[in-house]
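To start, I am sharing the structure in question, which I have written as structure tokens.
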Amino acid sequence: MEALQPYWLSLILLTPLAGVLLLLLLPQEPHERLRRVALGASLLTFALSLPLPFYFDLATPGMQFEAATRWIAVPGFVANYHVGLDGLSLFLTLLTTFLTPLAVLSSWPITHRVKWFFISLLVLETGLLGVFLALDLFLFFVFWEVMLVPMYFIIGIWGHERRVYAAIKFIIYTMAGSALMLVAILWLRQLAGTFELLEISRQLQAGLLRLSAGQEMWLFLAFFLAFAIKIPLFPFHTWLPDAHVEAPTAGSVILAGVLLKMGAYGLLRFCLPLFPNATREFTPWIAALALISIIYGALVSLVQPDGKKLVAYSSVSHMGFVVLGILALNVVGMEGAILQMVNHGVSTGGLFLLVGMLYDRRHTHLIREFGGLATPLPVLSSFFLFVVLSSLGLPLLNNFVGEFLVLVGVFRVNPWQAAVAALGIVLCAWYLLWMVQRVVFGQITNENNRTLPDASRRERAILVAVAVAILWLGIASPLFTRRMEATARHILNQMNPPAVELATQAPAPPRPSQ
Amino acid sequence: MSFSLSSLLFVLPEIVLSLFGVAVMVAEPFVRPGRKQQLGVLALAGTVASLAAIVFQFELVRRGAPVAAFGGTVLMDSFSLFLHFLVTLVTVLAILASFRYLDREQIHRGEYYALLLFGTVGMGLMVGSGELVLIFLGLEISSISTYILAGFRRTALRSNEAALKYFLLGSFATAFFLFGIALLFGATGTTILTEIRSALAGAQANAALTWMGIAFLFVGLAFKVATAPFQVWTPDVYEGAPAPVTAFLSVGPKAAAMAAFLRIFLTALAPAAGKWFWLIWVSAVLTMFMGNLAALVQTNIKRMLAYSSIAHAGYILIAFAAGTEYGVAAVLFYLVVYALMKLGAFTVVAHVSGPGEERLNIRDYAGLAAREPLVAGCFAVFLFSLIGVPLTGGFLGKFYIFQAAIAEGSPWLLWLVVLGAINTAISIYYYLRVVIAMYFREPSAEIEVAPVPSSVAFVLTLTALGTIYLGLASPVLIRAAAAAQALR
Amino acid sequence: MVPISYYLVLSGVLFGLGVVGFLLRRSIITIFMSIELMLNAVNLAFVAFSYLHEKLSGQIFVFFVIVVAAAEAAVGLAIIILVFRNRVSLNIERMNLMKL
Amino acid sequence: MLDTIWLIPLLPLAGAGALGVFGRHWRQRAVSALGVGSVGLSFAAALGMAYEFFQQDPGTFPRIERYFHWIAAGDFAVPVTFYIDQLSVLMVLVVTGVGFLIHLYSIGYMAQEGGYYRFFAYLNLFMFFMLLLVLAGNYLVLFVGWEGVGLCSYLLIGFYFLRDSASAAGKKAFLVNRIGDFGFTLGLLLLFATFGTLDFARIFQDVAHRPTETFDQVGILTGISLLLLCGAVGKSAQVPLYVWLPDAMEGPTPVSALIHAATMVAAGVYMVARSHVLFSAAPVSLAVVATIGCITGFYAATIGLVQTDIKRVLAYSTVSQLGYMFLGLGVGAFAAGIFHLMTHAFFKALLFLAAGSVIHALQGTQDIRTMGGLRTKIPATYWTFLFGTLAIVGFPGFSGFFSKDEILWQTFISPYGSKVLWFIGVFAAGLTSFYMFRLLLLTFHGDPRHTPVVAERVHESPRVMTRPLMVLALLSLAGGWIGIPAALGGKNYLEDFLAPVFATSRLRLVAAGVPHTPTEELELMALAVGLALAGFGAAYWMYLRRPTLANELAQTFHGPYQMLLNKYYVDELYQKYIVRPLNWLADRILWQTVDVEVIDGAVNGVGFRARAAGDWVRHWQSGNTRSYAAWVVLGALLLVTVLVWVMR
Amino acid sequence: MSASYWLFFVFAGLAVLGAINLIWQRHPIHSALSLILVMGALAVLYLLLGAEFIAAVQVIVYAGAIMVLFVFVIMLLNVGEEERTQWSRVATYVGLPVALLLVVQTGYLLYRAVPVVARVDPNRFVGTTRRVGEMLFTDFLLPFEVASILILVALMGAIVLAKREP
């Protein structure tokens, strides 16, 4: 492993692409083979990512498993392929590799252009992983944008009735957001002279690079806008319900499970360490948006007639917690936020999987079409309830830990914010349980539901995986938080302005740059 | 100034092309109708030979040959060679893309190829000349060739109209261009760019004449490059011209004119850069917005792509406005990328439009992905590249342009980049409309599938792969950067 | 002695009249002639500047302009003939199949 | 046993896990064996623990068992710890003991129901969480149990999920609890922010040793205790969050017995008692506790007067009794509160189970208006029910008498109590007596009012059900004898036993106390018993002697009667002023207006505007060459003008 | 007022009048004739500026060849008076005022651009055919050759476009 370390992340990045290549070579039929290949590739990726937490050094605040090589080199424009992993990206990477096989498995019912579906999905996986692993701003942006394309196709081709509208809204919304981030990246590059993230933060730390207040503010805002749309924060969230509802199950799972995390990831990776002063300045406003998101998302979820949309809006609410935790700007809140990202990925991913399974049976998401499913579908219903309980923050299940840590972190900074956020938890229980009541319990109101088949083996495999993850995250959270600790502290340290004497210290170890 | 045979080497590509052009003309009567493709092959050979000649010139320059001949009017610098290569390559692809089209439209004639070759000669002169009159002549040759090519579908009213509008407005703009030359000549007493530069720098030149000259030159060049407010002709002409001609037109002459634009403004008019910077700035903004906004509402794909060409000219102007070596490199690189994707896109249009160019509505692309996966796939690549999605040349090109502008350091350029970014966002919508049609929609009616001709497939594959290749890693970028140094 | 500026003014006026003609007239052929008028104005300017700088190159340019004018005339008139044949009209305003 | 105390909660958890995952495929007997067995073992372990506990020197307690870290982030670390002291030992015994009996009873009661395995899985899970709650060594672990029992109550109330009312009631229970937990959560956060830890031991020490003033300047302790109280109010069904408990009767009767009477609702009482250090340091909170308790006790009793569903009457009596416990806690009589908690667990479990037996006998009838005369048909049930009733009304000698009396007496004498509170409490006791006897008389005495079909099939419950009833009846009688007040010449063993737990708080209270004489206590006691007897008399008069009187009274006082019958319309008020407005706000304003119209409208508006702009721009492209030329000329003129004039 | 003034003003006046007539007339043939007048007048002015060769070319090529071509085409197509459409408000209400402004401004600027002291003496600087020819075949050889390509293209284009389909 020692010897392999520099190549490990690249290997993880390339494995889905290898799957893509294999799929390309295969004929359109039979579907079963294509599915197995896709599943194999995604499982292999997952397997490859499993050693990461074990070989991850808890004490290192910086990047591990780093690998760097020159990519584009023109005078004045040097972009590197530079990947690395820290406590922040570690679990997001794992989350991605964990959810993708589930997404693949959940896509068995797809029969239309199967080959291209799985190709898109695997390309998407590489793109997402790249976003979390890239340490070069250029590389980051490339992954950030590129992953939109497969997602766009997934929504647009394999989605539901209003898929076209949803797809275009999704891509324009997010691309418009990142357009300004591109400008900011370039500007930052201009100021720092490099695209290397680590180099830029080193310069900032050492006082070699000083941003004026105005520069910092604009840079921050440009980055923030892109991230806020991805997260999504109120009022930039309206792409999300449409995209989620129209996307096929796998799309929703990845969208909610991983894609939304990119925004929060960006905040942590870029906004906080690079623009600490601007971050502090805008914290009250963003926290206000996060709070609005929490309450607003919850209230709007409450009245959704469409189950998938309900889950989508609940994501808005949950991601509000993540942002709030980040903005607490203390270790507890930040770890809570990171953990909550993972939790939300698993739980909401699970919910989308379940909603998707119901859709596979009835071809509708409308809550009123269901009712009394516990009778024909006991297993599915049990898992449904389980995942809902996890989502509404029952202790010993995953979401509770994240949310509570966030609350602890936030309370320290601003008790009122914590109070409002806690209100969101109450509402969360309301809308989720109400949905459960209408979907799972009661008499069967629609005769079509009486004869539905219970979870198949494939579906059980998916659900068991989700359930195990939920329990594990809920009970053994220190296994996760301990690996985030150094990184969280590091980010916060970076936020404290550089002392002048730091500048006189010996330069940091050489980084691949220029 | 004495004439030596060796100075002919400076115009070797032009000579080659002209000879082949003449050869095509001469051979025309001897080739039976239906086999005119042989003439195309001949022309292709000419362009390939010309490419070889350019490579040879590269080699010469590398070995230290002088870069100027004919009294500084013809240049063989890396800038010129880079663009020579580009415009010739464009011609190669345009010829290939035309084979089947001409058969299909029953307008297969040798003159078509000859005109393409001569047009390339003109463009070569534009990019390789250091003197205004020669540039003007090159411009005229390429313009006149394209006027004719635009009207090549003689029985099609739209084609006629395109030729007519192009011709009238083109000549109109040419007159302005000429007047500009005259005024600059009046101000400085010379038409050689380097001399103009020193005259302007030395401040012996008459200010009013200079400014008027610059203004009129700007009109002429901006017209050819199709930047606002002189872009008006573009959509009509692109729409009406035969699709492969549009492909050629939107790329070759535009690149050549842009090269001339750069060379004139950055070499001769560099001392006045502080002033014309604003012209470029405003023009860039107007161009981007007009192109993108108008493209939003188009239903005719050719016209939509025409507006998109305008918008892209605007992006190019961003780097131009930077005016640095870096900016020029960005322009050059972008021109290459742009050439590939635009050529590819119009080739797709030419192929899909069917006999008589009947199917030009975006709706006609519904279900194309299922009917013709290769064509649709390539088109998607071009469209994504036109948007500027990473891993395509379009992204890297735009990135490079934006970076060049920001690297210049002026806040105005930063704003320009911001506007460019906003425009990129606007543009997503209309490009993706086509993708939606191709991939997300089912065809409204049964359309018989014409097999993709091998030449078209070749062009598409080449341009698509090229587009992606340019987005991955790019020696072309380095070449462009090197070429840009020639202007300083 | 006539000041050179008079010639230049004349050139400018003629050029402008050409522009006006282009804008005013509907007949393609007249419009084309307006363009020729503009070219002539340019020629005058060239000759005048040639005299001003006492450089013969200005006159050479005029020669090339005339060549270009001739070439344009040939092509332009061919296009006009083509258009007229297909549409039996020379009104520029009717040539609006393509718009918006 | 103390070292392996983790076994006590873990056994039921294992049972729950096994039943939940595999139970579906097992036979009923295996399910009962595992479900009851796990709790039985747990009870045995608890007994073992208690034995060991008494062997050891009380000074070594509280003893804290530490296990793994459950949460650790930054300086926020929560290990799983168990806190063993007199209070938790007592609670564990009560919970496992009563729980075991109810499990046993359920074998018979649930035998015919579907989802048998599910029921036992839930019950076992509930035991786990409840034990976790009472054993927890810090507030967060307590919160786990706290929420866990909430979950189980949700699951169990909604056990008959085919009934919409059942699942709605389950949801309501969970949500109302959540509202309380909202406060509780904030209380935890404030606790952590104040003390930097959530450990009982450290917090209590800190409060005990730090001068109160350091907190009270900002009323932090008051804040903390009030927030914690929110949770307790929710869990223990106090005003205004009691609304879930009556609805919770939708669940199977053993569930009502176990969680909505004996254990879970006591969690709030337990928590307040556990946090006595905090509460006693915040007199305002104590006063609030007492007031809420008193109001609840009275308020619920009034509603109980007119209810006709046997379980609902019991439910309101539960709320009312919980009010007494809160009253006790609120006046600083923590031990008394716990005492009542324990006796209440016995007699209320008994009452519910007996009621279950009645329902069982009548094939599901719950309306007491259609009962009557069951005394002879199901004697075992009758006698045990009678024991329970006597206990709850505070008949001298029965357990309820001692505990309730202790509370009332403490209310009377405590510096935190008052005569008013005492009076209301006593009055409520009278009401209790009335409605309990009403219940008893209507159910078992008089003429049978049920339909002949039902009458034919009335039968006594199987032994597996009646035996637990008998055990509980015994406990209801004798359970109070460990706390006979000194005034009656007894010795309050329980108070002495719990004394070390509440030592710190007692110091504070006794210091402020006023001495009273035992005779006074006896007088008051007599008054209370008298009121209880009056209640009995009234019930006897109204329901046996003059059966029409009740209806006449209802006619005469139609308004108040309806109000009571409809539980003061509180549910309707919540529905009308909170739920529906919120729904309306979310639906009409937030979703349909803000989301769809405003934000999406703006987004689409940008798109629309861009297209409109495009439409405008394209109109410059009129297709007319002359216009094009005009643009060119305009451009040229502007260029020249700008270059020559503007930028000179 | 010397003769050169007279000559200048007379022919300049003719040129301007011709130009105005060119744009005034509705029938293309009148315009063509006016244009010939302008060209002729300009030829004289070229002579005044000492551009002999150009003056000759102007008459021979321009007036002689090109304009004949125009007239020929007008006759060939039998073009009548132009149609009186008024579809471009932009051209009328924006274009024309702007064009007039352009005339005024350009005239003014050009007038101011060259000092009035620079006056024309036809004998001082003469572009004789010989000198022009020499220059054309030395310094401007390349453009000259290039011009041939231009002509070739134009020829070919004219044929391609105008010839009737076989």
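Here the chain labels run A, B, C, D and E in written order, and each chain numbers its own residues starting at 1.
Convention: a contact is a pair of C-beta atoms (placed from the backbone, for glycine too) under 8 Å apart; a residue touches a chain by one contact, two chains touch by 3 or more.
Quick caveat: nothing in here was measured; it's all calculated off a predicted structure.
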> Which contact partners do chain B and chain C have in common?
Replying inline: D, E
> Can you name the chain whose C-alpha mean lies closest to the mean of all the C-alpha atoms?
Replying inline: A
> Farthest from chain D in C-alpha centre terms, which chain would that be?
Replying inline: E
> For this structure, which two chains have more C-beta pairs in contact than any other pair?
Replying inline: C-E
>> Using mean CA coordinates as chain centres, what's the gap between chain C and chain E in Å?
In response: 6
> So how far apart, in whole Å, are chain A and chain C when each is placed at the average of its C-alpha atoms?
Replying inline: 65
> What whole-number Å value describes the gap between the mean CA coordinates of chain D and chain E?
Replying inline: 103
> If you average the CA atoms of chain B and of chain D, how far apart do the two points sit, in angstrom?
Replying inline: 78
> Do you know which chain B residues sit against two or more other chains?
Replying inline: 133, 137, 140, 144, 147-148, 151, 154-155, 163-165, 168, 172, 186, 208, 212, 235-236, 429
>> Residues of chain C that contact two or more other chains, please.
In response: 8, 11, 15, 18-19, 22-23, 26, 31-32, 48, 52, 57, 60, 64, 68, 71-72, 75, 79-80, 82, 92-93, 95-99
> Which chain E residues reach two or more other chains?
Replying inline: 87-88, 91, 95, 99, 102, 106, 109-110, 112-114, 139-140, 143, 147, 150, 153-154, 157, 159-161
> Where do chains touch, given as pairs?
Replying inline: A-B, A-D, B-C, B-D, B-E, C-D, C-E, D-E
> Contact residues on chain E for chain D in the complex?
Replying inline: 87-88, 90-91, 94-95, 98-99, 101-102, 105-106, 109
> For the complex, which residues does chain D have touching chain E?
Replying inline: 622, 624, 626-627, 629-631, 633-634, 636-637, 640-641, 644
>> Per the contact definition, I'd like the list of chain B residues that touch chain A in the complex.
In response: 326, 329, 384, 387, 389-391, 395-396, 399-400, 402-403, 406-407, 409, 414, 417-418, 421-422, 424-425, 428-429, 432-433, 435-436, 439-441, 473-474, 477-478, 481
> Given the complex with chain B, which residues does chain A contribute to the contact?
Replying inline: 71-77, 138, 141-146, 148-149, 152-153, 156-157, 163-164, 167-168, 171-172, 175-176, 179-180, 182-183, 186-187, 189-190
> Along chain C, where are the residues that touch chain B in the complex?
Replying inline: 8, 11, 15, 18, 22, 28, 31-32, 35, 38-39, 41-42, 45-46, 48-49, 52-53, 55, 57-58, 60-61, 64-65, 68, 71-72, 75-76, 79-80, 82-83, 86-87, 92, 95-99
